[in-house]
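Below are two complexes that have subunit A in common, paired first with subunit B and then with subunit C.
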Partner chain A sequence: MFQAWRNIYSKSDNAKAYSLLSPALFLIILVMLIPMALMLSFSSFTQVSMMEIDFTPTIQRYIDFFEKSLLVSLLIKSVKISFIVTLITLLTAYPVCYYIAFYVKKNKMLWLVLLTLPFWTSYLLRVFSWKIILGTKGVFNSTLLGAGIISEPLTFLMYSEEAVIITLTHAWAAFALLPLYVSLEKIDFSYIEAARDLGLSKFEVFWKVTFPLSLPGVIGAILIIFIPTVGDYVTPALIGGTEGRMLSNMIQAYFGKINNIPLGAASATIMLTTVILITVIVSYTTKRLTQRLS
Partner chain B sequence: MNEKNSSLLIYTLIYFGFLYIPVLFLPIFSFNDANYMSFPLAGFTTDHYEEMWSKRNLHKALWASVKVGVVASVVSTAIALLAAKAFVRYKFRGQNVSYGAIMMPFLIPEIILAVSILIIWINLGFPLGLVPVTIGHILFCTPFAMLILIARIEGFDFSLEEASRDLGENAWGTFYRVSLPLYLPGIIAALLLSFIISFDEFILAFFLSGSDATLPMYMWNQMRFVKKLPHVLALGAVIIVFTTFIVLLAFWLRNVGQGKEKQDIAIKL
Partner chain C sequence: MNENFIQINGISKHFGNVKAVDDVSFSIKEGEFFSLLGPSGCGKTTLLRLLAGFEYPTNGNLLIDGSDITALPPDKRPTNMVFQNYAIFPHINVEQNIKFGLRKLGLTDDEIKKRVDDVLALVKLEGYEERFSGQLSGGQRQRVALARALVRQPKVLLLDEPLGALDKKLRDEMQLELRTLQKEIGITFVFVTHDQQEAISMSDRVAVMSEGKIQQLSAPNELYKNPENIFVSDFIGETNFLKASTRSKDGDHINVAIEDLGDFKVKNNLNIPENSSDVVCSVRPESMMISRDKSDWDICLEAKINQTSYLGEMTRFYVEVSGINKVITVSSQHFDNQSFENNTCFISISLEDISLLQKK
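Right after this comes the complex of A and B.
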């Protein structure tokens, strides 16, 4: 009996694969999916007092969210900031990846290690370094003051949306560089040569051949930057001030000093829904776009 | 393409400058003899580094981060190794869904992971501290470790394992004597990189650590006080040097014993 069971077991790749996967899937279910489901149910409760929560289901927290113009505007601002950051990161990183994929011949490996290295150093410290640069008594202001170009420190550098955008563009660069490079590197060079032989100009070759073929990397980069930056907390908290505040900062406040866990859970759920919607839209439009281009 | 493109080269170098220069200000100002981080530099000092020796809370936070990092990297690498083997070795139903599910913590905004774990943890009546932080870090490190391990064991000749089984070695013996030595560089790379991710992780620690600060939490708490900034800079500089060293070691290990072509594939992950 045991022998027979063993034989079936060893024949089935499904069973073998899932026994290997079971710890990872357990981890995802126990530490991510169940807690997220609980977060969802908490968003339907009511905070009565500091310690007390009323567990009667209601959609009132979602109504609260959309009735508070601050929360809605922070959600819109978070999406807007992430959108701009994603766009700038893509536009600035693409040429770099293009250069390494097509022009660098020797030590490509070294170039890539150097590109990814800053990503591994502490996120907190990378953000903090921009505080040193943009601060009232920071590098930028003290240099300009010292050179006599300005007489008063420029205060708008720090604690603004622009400061948050610059910092995020820097902090998330590696996430655009890797997928872009991988997709550009994969391109079969004979396609590009064929297009040139057919008499297409450099510009046409890029728009009609290279760019469409690199689209998977572009999509990868968009998702991998856009989704996490919508929920970024550190940068707006350190660099943003009141002007550059994002939705995460409010979510943190609901779980911290404001102590309204249901509303915090509802805000987090709305953030997650927004992120999922955007992922679906991006995947759908790019699928359509690839079909049209090819 | 054999032609050169000097304008693109110049742009690429400027971009590298944009990536690296901001981070370099930390070590520069950590040796500066002043409380403010501004030019011109006030003079050279190692005081800020010496100050670190006397900070009891810093030592406590460092020890907390090391503990969390070691446990999180060992557990997540073990989980990731099994999962990576399943994806490389077998074709099975639900493969893409499982892969997507395991990669999710890498993509979802971290604050959402943090608040969901916070809600379940406090409602189970458990105290905040390093335990929930470690659990969160295991969740967060596993997809990274899995990516690294998949890259390493892709193209691995599984007939070696089968041969060992046919020769009468049991499953553990095969793993210990055949698979492990071949996977080892990848495993160490995954351990080192997950340790670094856990060591630098802030958001989960911020929500879940309670009063047991990890090193990033310690730095966060000190950043509010101008007078305490210089020794945070010194600490930051040490951390940057330490992480860079570990990451380079991991990159090197990941490529040990692999052909040139395989190296190019490995680096893409």
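Right after this comes the complex of A and C.
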């Protein structure tokens, strides 16, 4: 019996792979698949009263979602905020990574460590520190007031969409830096020299060679920022106020204060579907874009 | 034929304190297969990159076909390069790689198609248009790199150790093929290599470099037969060095005392002064004769065979000459290690085959 197992094990790469993966698989099933299955099933129930849930399957919760214009607009807003955050992060992180990958000769690691240093502190702490910077009596406003540039504190800085965008952009920048840096660092410099040798200007070389070759990192950065920020609720809760509220805050409320677990579950499912859809679209279009560019 | 097609005038390139290329001047002829040969770190690749425009010289200027290119960026130079690792763009296929350099030349679609087809035929890669770099063998990649550079019809093709990554057999084939190709299209090739056999077998002329300087620039046979200094003599092929000192001159010959062997009269091509003790005699292993019996050559020495290595087309003997505390290498096509009793033999040297060189 044991010998038989050993034979299977030594012959089959699949068996080896699965046995090596099994702890991770177990964990994923436990903390991802089961909760997701629960969420899906709850989204088909009905909250009858405070404590009572009707377990008859229905798709009414999804209809509810699209009938509540608040929820739909919050979904759109979540996607919009994440989109802007992703865009700003890419536009700021890409040049930095480009610089480190191609122009820094010594101590590249030191640069990366310094850039990612703020991200070694807790996420909550960082969000709170933005509160200190952007608040009515915060660093930003008191400096401007003290310098006499403004007479009233700028209120739009805090408890607004902009505040959420600023904070999220900073909070997730490090996660964009690493994939971008790795993909740029991996590009053999001789490709760039070859393109110059073949008659392209520096600008053309970037669009025809460097950028297409760094696309895996760009896609990685997009997804790694977009996916978590769509669902982020800490930042909007602390900094966003009513203005900067996102769908995730409503979902949290459905599971808590409002106590409509089925609608919360349906909202979460819709959000998940949206994110998956956008992910697929992003991966597909960037791939097409590469082919078009070259 | 333009004798000074590429002019390299007093070119230096310093990286910090390192003089990678140190005040080098020479010319390359039009349509020539020219090699830069030297050990790693001798400055040959830097010189090639200066020609390509990837580096700019600290001093000096560069001319190609009469126009000064010293300050031109790579995309404005009439040169194209075959990179050591080929640098085939991995995100586009072979055809797109080859077309890559054509987009800025202002050609019509028909002209582009014709050029691509012609160059694919030239490097024998028809049918590989749709492949990607990852789907090609080393030799095929090398052909793509060659095609991509040649399709632009540059005045000068620069090749940076393009055969280094190939296995021995393929390398030998490609050497012959490159040589034929160059003669066929007549473009000036500047070829960088550390492999002396490669340089000698392919080139019209070779510049041997070391420590940023040209040690010798001549045709391959000259390089081998008449090395101008110890470095070249040692780097090209194999040789035996014997300590010596010069005595009096005698026309184009000079009397030398070779250590432990006695006084001889040898030719003095390099015009080495009299009474100098800073000289060595160089004798190639294959110019000596090994035999069972004494010969009537200018020098004949009794020797003991220490070791032999059988190389197929020849056998190399490492012999110890009685009275000289030095192992001498002799190669022979006629004898192998079975030929000698008690490992005793005679080695003979003709004075004609001794090159007198000056120490630095």
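What we mean here is this: the second predicted complex is superposed on the first by the 288 of 294 C-alpha atoms of A that agree within 3 Å, B and C clash if a C-alpha of one lies under 4 Å from a C-alpha of the other, contacts with A are read in each partner's own complex, and residues count from 1 in each chain.
Please note the rule applied: a contact is a pair of C-beta atoms (placed from the backbone, for glycine too) under 8 Å apart; a residue touches a chain by one contact, two chains touch by 3 or more.
None of these values were measured; they are calculated from a predicted model.
> Tell me which partner A:T290 touches in the superposition: subunit B (first), subunit C (second), both or neither.
The second partner, subunit C, only.
> Return first, second, both or neither, reflecting whether A:W172 touches subunit B, subunit C, both chains, or no partner chain.
Once the two structures are laid over each other on A, A:W172 reaches no partner at all.
> Taking the superposition as given, does A:F255 touch the first partner, subunit B, the second, subunit C, both, or neither?
first
> So in the superposed three-chain picture, is A:F65 touching just subunit B, just subunit C, both, or none of them (first/second/both/neither)?
A:F65 contacts neither subunit B nor subunit C.
> Please indicate which partner A:L198 is in contact with in the superposed arrangement: first for subunit B, second for subunit C, both, or neither.
second
> Quick one: classify A:F226 as touching subunit B (first), subunit C (second), both or neither.
A:F226 contacts neither subunit B nor subunit C.
> Of subunit B and subunit C, which one touches more of subunit A's residues?
Larger number of subunit A residues touched: B.
> Of the two partner chains, subunit B (first) and subunit C (second), which one does A:S129 touch, if any: first, second, both, or neither?
Once the two structures are laid over each other on A, A:S129 reaches subunit B alone.
> Considering only the contact definition stated at the top, list the common interface residues of subunit A for subunit B and subunit C.
Dual-contact residues (subunit A): none.
> Applying the document's contact rule, which stretches of subunit A touch subunit C when the two form their complex?
Subunit A reaches subunit C through residues 188, 190-191, 193-201, 208-209, 212-213, 290, 294.
> Sort out for me which residues of subunit C touch subunit A in the complex.
It is residues 52-54, 73-75, 79-81, 83-85, 87, 89-92, 96, 100-101, 103-105, 148-149, 152 of subunit C that touch subunit A.
> Can you check the complex and tell me which residues of subunit A touch subunit B?
Contacts found on subunit A: 13-14, 16-18, 20-21, 23-25, 27-28, 31-32, 34-36, 38-39, 42, 92-93, 95-96, 98-100, 102-103, 108-109, 112-115, 117-118, 120-126, 128-133, 135, 137-139, 141-143, 146, 170, 173, 178, 181-182, 185, 189, 192, 223-224, 227-228, 230-234, 238, 248, 251-252, 255, 261, 264-265, 268, 271-272, 275.
> Contact residues on subunit B for subunit A in the complex?
Residue positions touching the partner: 1, 3-5, 8-9, 11-12, 15-16, 18-20, 22-23, 25-26, 29, 36-40, 78-80, 82-83, 85-87, 89-93, 95, 98, 101-102, 104-105, 107-113, 115-120, 123, 135-136, 138-139, 142, 146, 193, 196, 200, 202-203, 206-207, 216, 219-220, 223, 232, 236, 239-240, 243-244, 247-248, 251, 263-264, 267-268.
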